[in-house]
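Look for subunit A in each of the two complexes below; its partner is subunit B in the first and subunit C in the second.
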Partner chain A sequence: MNRNLTLGFSLVGLVLAATMVGALAVPRDPLAMDIGNRVQPPGAAHFFGTDQYGRDIFSRVLAAGLPSLAVALGAVAIGLGAGGLAGALSGLHRGLADELLMRAVDAMLTFPAILFALMVVAVRGPGNLNTALAIGLVNIPVFARLTRGSVLSLREEQYVEAARALGATNGHILLRHLLPGLATPLVIQASLSVSTAVLAEAALSYLGLGVQPPDPSWGRMIGEAQSFLGRGPWMAVFPGLAIAVTVLGFNLLGDGLRDRLDPHTR
Partner chain B sequence: MSYRMTAAILAATLLASLLAGCRPGPALPHADPSPVRGGTLVVAVPADPAGLDPHKAVAAATFQITRNLYETLVQVDPNGELESALALEWEVSPDGLAYTFYLRPGARFHDGRAADAAAVKASFERLLDPATGHPRRKDYAVIGELVIAGEHTLVIRLAEYSAAFLSNLAMGWAAVVPVDAADLFNQPVGSGPFRFVEWRPQQHVKLARFEEYGVDELPYLDEVVFQIIPDGAVQLRHLQAGQVDVITVLPPETADQVRSTPGLKVLSAPMNAVQLLAINNARPPFDDLRVRRALSHLVDRQAVVDGAVWGYGTVIGSHMPPVSPYYEDLTGAYEHDPARARQLLGEAGYPDGFEVTIHLPDAYELHRRAGEIIADQLRAGGIRARLEVVEWGRWLKEIYEQRQYHLTVIGHTGRLDPDPFLNRYVSKSRENYMNYDNPVYDQLIAEAAACTDLARRHQLYSLLQKTLTGDAVAVWLQAPHHVMGAAETVRGWRFFPIDVYDLSTVHKTR
Partner chain C sequence: MTGRLARRAAGLAGTLLVVGTIVFLVFQVLPGDPAQIVLGTEATAEALAQLRAELGLDRPVAARYLHWLGGVARGDLGRSLSYRRPVVDLVRERLPVTIPLALLAMAVTTAGSILLGVTAAVRRGQGVDLAVLTLTQLGLAVPAFWLGMILIIVFSLLWPVLPAGGFPGWEAGAGRALSHLVLPAIALAAARVAVMSRLVRGSLLDVLTRDYVRTAWAKGLPERRVVYGHALRNAFIPPLTMLGLQLGALLAGSVVVEQVFSLPGVGRLLLHAISSRDLPLVQGTVLLVAVAIVTVNSAVDLLYIKLDPRIGPRP
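For the complex of A and B:
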C-alpha cells in the first residue's frame, strides 16, 4: 500500500468510526440546551466546549457526521448511477442520442456546481433529501463524461470486438466486458466526489439550506459560530476540523486508489 | 451638605416641577448639569435614507434622520408621553373634535421663512393631497378642517372622534414642511434643531447646528454626520478605532466585547415592540385552551431572553411592551412549570405530547434563535417541535395572510396609541393571523377606541390585555432592547418609543 492510500484509509476509517459512535451513543444529547453554560471553552466537561445555547459541541460534531456522510454518499450514488448509465449507453450506441446527451452534459457543466445546487434547493426547499438530490445532479455530468470516455476506448479493444463478433448483445458486453475496465476510474472518481460532496453539503448548510435546525451539521455550526468568532473560536474550529479531516481522507483515498489501480500512473 | 441646604434644594426642585407642570413644555433632556457645546458627532447607520421628504417615505432610515431636520406639532418623550414641539401648547375641545395648537412664536424654517399657522396649514394640506402620495395619508383622513386662528394659532377640526389623532401627529411622517421648497427629497428644509448640509449616497448625510432653533439653546453639537456603513462588523471596527462615535445596531452577542473595551460603552433600552410565539388558535390541538396554556407554562421566557439576545430584552406577559403607558404587567400569569403543563396536556388528551412544526422567518435572527430555544423547551412537555425556516416572502404569504401554520415566532412593533397593537386580535381583522375569535374582546376594543375618557380608556386596554393573557392566545416572550455601541464621551442619548434618533440633546465631553 502506498502512503496516500494508508493515510486516506486511516482518516476515512476514523471518520466512519466517529460517525458510528455519533449515531449510536454520544456523551450528551446534542440538542439539549443549557443557556447558563453557553460558550464555555473546551474542558473536561465538554471536550470541544459549548455553543451559543450551551449545547455540547463534541456531541454535535459526532452527531453531525451521519447526515453529512449520508447526504454525500447519496449524492455520489445518484451521480454515479444516473451519470454512469447515461455515459455508458451513449458511448455504446453513439449516434444522435450520444450527441444530444453529451451536449446536455456540456450545458450542465457550464453552471458553477454550487450555484446549480443552490438553484435546485431553492426550488425544492431545504432538507437532507433535497440536498442529496441537488449535489447528486451536479455529479451526473462528471460521471457521464468519465464513463463515456472509458467506454469509447474500451469498445475498440480486441476482446470486445471478439465478443461482438460472437453475437453478444450490448447489455452483455457492458456487464461482462466493459464493467471490469470501468470500475477502476469510477471508484477513484467516486472517492474524490465524496469529498467535494461533503464540502458542498457543508456549504449549503452554512447558507441555511441544508440540514435544518436544531439538528447539528458541520456547515451550520460554522455558520452559527460566525457571530462568536471573537468570543468562542472553538465553536467554528471543531466542526471545521471535522470537515477538513473528512475531505482530506476521501481525497487521499481517491489519490491512493488511483496510484494503485490505474495502470497509466504506475 | 447641611440639612437646611438639602431642604432648600428639595423645595426648589418641587417648585420647579410644579411650575413645569403648568403647561407641557420641553422637559429637561437629561441630568447632566453642564453639557459641553460644539463638536461633531459621527453616527454609523446601516443604510441610506429612502429620501428625506417625510411625506413620501416609510423607511425608519428616513425618520431616524429627519427627526433632527423637521419638527412635528407635538412629539413623544422617552416615556411615551406627548410633549410640545412646534406647538408649545394645545387644547382639546370637550367633544374631542377640535384641537387648538399654539405655535412657538419666532419658529423659522432653515431658509428663513416663518413656520407659522399658515405654513403648518399648508403642510397638512400637502400631506392630505392625494397627489403627494403620502403612504400613511389615511391615518390623517379624520382631519375635517384646518383653520388659521391667529398668526401662531391653528385649529384642526376632526370629522369624527379619533383617540389616536394627537399621537399620530407625533409621528415623523406628520412633520411640518415648507410646501414651496424645491426638492425636499434631496434638499430637506425644516424647522428642526439641525439644518441640512449634504447627502452623498452610500457615504454620509451631514447636518449642522441651526442657530435660530430657539428651544432651550439646543442643540449642543455643531455638526452631525450619519455615516453609511452597511456591515455590522465594519461598524464595530470603526467604533473601536474611534472613527465613529455611535453605532446604532449592535448585535447583542458583541455587547460584552464593546463594554469591556476602554473608552466604549453600551447604550440600551426596551423597544416599543413585542416578540411572541404566535399560535394558530383555530387549528387543533391549539383550539383547546388547555393546550395553549400548557405552551405558556412550558416556555421559560427568561431563558429565551438570555439565549436569543444575551439578556437584552424584558420579559412580557401580554401583547404590550413595558414602554407603553398602557402596559399591564402580566408576567406572572403563567409560571415556567413543565409539570403543570404536562397535567394540562393530559387533561386535553395529549398525555404523551404531539408533533408540531414551528415556522421561523429567515430574515430575523432574533426569531430564529428564540424558535430554537422554544423547540428545546417544549420537549419537557413531550411536544416534538420540528423547525422550518421559511423565506420572508413566503412567511408573509402563507403564514400571515393565508394562516397556514401551527406555531411561528415573530415580532410586532407599536405606535404610540395602544390600538394598533391590540386590534389585530379582533376576530374580523385581516391582521388576525392567530385566528383569535372572542366577541367580548371585539366589543371591548371598539369601546376603547371610541372612548374620550382617559381613565376609562386605560381601564379598557388593561382589561383587553388581561383577556388575551387569560385566553393564552399566544406566548408573549419579550420586548427586545435597542442595543447600541458608543464612545464613552457621548452623553445625553435618549431612546424613544418610536424609531427616531433625537440628537438635539446629545453632546460630547470632548
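For the complex of A and C:
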C-alpha cells in the first residue's frame, strides 16, 4: 500500500468511526443546553469546551458527522448516478444527443460549484435534502464527462467489438463489459468528489443555507462561533478541524487509489 | 488573426448564451412557485397574483425567456424586489470591493505558488519538499471561511496587526482600504496556492532535467541564476495557463469569504438576495458573476495565443 492510500484509509476510517459513535453513543446530549456552563474552554469535563448555550462541543462535533457525511455522500450518489448514466449513454450512442449533452456539460463546468449550489438553494430553500440536491447537480457534469470519456475509449476495445458482433445489446455491453473498466475512474473520482461535497456542504451550512437545526453541522457550528471568536475561539477551531480531517482523508484516499489502480499515472 | 478572433468571439457568445439559459432554466424548472417563495406561505391570493404579474410568471415560459434574454442583451437584468432598484446598479456599486479582493487574492496565489513550488522542486525529496507537499494537502482540506476565522483570531485578536473585518471604502485611503482586504485575500487564495504550487513544482522538475539547464549548471552558474534565470521562465508557461482560470474560482469564492470579513461586496449582495428571497436579484447577480468568469477565461485564453505562438493553430 502506498503512503497516501494508507493515510487516507486511516483518516476516513477514523471519521467514519467517530461518526458512528456520534450517531449511536455521544458522551453528552449534543442539543442539551447548560446555561451555567456557557463558553467554557476545553478541559476534563468538556474536551472541546462548550458553546454559547453551554452545549458540549465534543459531542456536537461527533454528532455533526452524520448529517454532513450523509449530505456529501448523497450528493456524490446523485452526481455519480445521473452523470454516470448520462455520460455512458452519450458515449455509447454518440450523435446529436451526445453533442448537446456535452455542450451543456461544458457550460455547467464553467459555473463555479458554489455559485450553482447557491442558486439551487435560493430557489428550493435550505435543508438537508436540498443541499444534497444542489451539490449533487454540480457533480453531474463532472461524472458525465468522465464516464463518457472512458466509454469512448473502452468501446473501441476488441472484447467490446466481439460482444457487439455476437449481437449483444447496448445495455448488456454497458453492464457486463464496460462497467468493470468504468469502475476504477469512477471510484477515484467519487472519493475526490466526497471531499469537495463536504467542503460545499460546510460552506452552505456556514451561510445558514445547508443542514438546518436541530441537526448539528460542522459548517453551521463555525458560523455560530463567529460572534465569539474573542471569547471562545475553540468554538470555531474544533468543527473546522473535523472538516479538514474528513476532506484530507477522502483526498488522500482518492490520490492513493489513483496511484494504485490507474496504470497511466504509475 | 481577425478570423481567429471572430471565431473565438462567436464561441464566447455561444457559451454566454448557454450560461444565461442555464441560469434562466434553474429558476423555471426547479419546482416551487417563485411568487410563493418570495412572499411566504402567509401571502394572500391577490398579493401572489400581483407579484406573479410583476415577475411575468403569468406568461408562457418561452415568452418569458425571450423577454428576459432581450433585457439581458440590453444590459437590463430586472429590478430587485427588496431594494426596488435595478440589479445592474446594485452589483456595480459593490464591484470596488469584490474586484480588488479577487485581484489581491490572485497576487497572493501567484507569489505563494512560485515561492512554495520552486522551494519544493529545488529541494526535491528533502524535508522541505515534504513540508510543502503536506502544506498543499492541508490547503486543499481547510475551508476558506474557517481559515479566515483562524486568521482573524491570530492577526486581529491575539496579535492585532490587521483589521478583523469591514471595509472603510477607498475614500479612506488606498492603504487603509487594502489593509482590510489582506486577510480575506489570504483566506481566499490558500486553496489556489495549494493547487498552483504543485503545478509549479511539477513543471519546474520537468524543466530542471533539460539539457540547457544542465549546461547552465556545468557553466558553474549559481543556483539562483540557474533556477530563476533559466529554468523558471520556461517552467512557468504551463502553470500560467491555469493561473488565469483561478480568477473565476476566486470571484466565486469571494461569496463566502466576504461574509466572514463583513465585506460589502457582490458576494454579500447575493447572500442578502437569497436570505430575503429576492429572486430577480439572485438571478441577476449569479448571471453577472458567471458572465464575468466566462469572459475572463476567454480573455486569458486569447492572451496565451498572443504570448505563446505555439499554443494557437499554425499559420
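Operating definition for what follows: the second predicted complex is superposed on the first by the 265 of 266 C-alpha atoms of A that agree within 3 Å, B and C clash if a C-alpha of one lies under 4 Å from a C-alpha of the other, contacts with A are read in each partner's own complex, and residues count from 1 in each chain.
Operating definition for what follows: a residue touches a chain if its C-beta (ideal position, glycine included) is under 8 Å from a C-beta of that chain, and two chains touch if they have at least 3 such contacts.
The structure displayed is predicted, hence computed values, not measured ones.
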Larger contact residue set on subunit A - subunit B or subunit C = C
Query = Given the touch rule stated above, what does A:L199 touch, subunit B (first), subunit C (second), both, or neither?
reply = second
Ask   = Once the shared chain is lined up, is A:G208 touching subunit B (first), subunit C (second), both, or neither of them?
value = both
Request  = Scan A:Y53 for contacts with subunit B and subunit C and give back first, second, both or neither.
outcome  = first
Task = Determine, under the contact definition given at the top, whether A:L115 touches first (subunit B), second (subunit C), both, or neither.
result = second
Key: First, second, both or neither for A:L248, with subunit B first and subunit C second   = second
Request  = Name the contact category of A:L31: first (subunit B only), second (subunit C only), both, or neither.
outcome  = first
Touching partner for A:G230 - first (subunit B), second (subunit C), both, neither = both
Task = Mind working out whether A:L14 is in touch with subunit B, subunit C, both or neither, as first, second, both or neither?
result = neither
Request  = Applying the touch criterion given at the start, work out whether A:I222 contacts subunit B, subunit C, both or neither, answering first, second, both or neither.
outcome  = second
Query = In the superposed view, which residues of subunit A touch subunit B and also subunit C?
reply = 208, 230
Query = Which residues of subunit B touch subunit A in their complex?
reply = 251, 253-254, 256-257, 303, 306-307, 362, 368-369, 371-373, 375-376, 379, 386-389
Key: For the subunit A and subunit C complex, residues of the former touching the latter   = 103-104, 106-108, 110-116, 118-125, 195, 199, 202-203, 206-209, 219, 222, 225-226, 229-230, 233, 236-237, 239-240, 243-245, 247-248, 251-252
Request  = Can you check the complex and tell me which residues of subunit A touch subunit B?
outcome  = 31-33, 35-36, 38, 52-53, 126, 208, 212-214, 227-228, 230-231
Ask   = In the complex of these two chains, what residues of subunit C are touching subunit A?
value = 15, 18-19, 22-23, 26-27, 30-32, 34, 37, 137-138, 140-146, 149-150, 152-153, 157, 164, 248-249, 251-253, 255-256, 259-260, 270-271, 273-275, 277, 279, 282-283, 286, 289-290, 293-294, 297
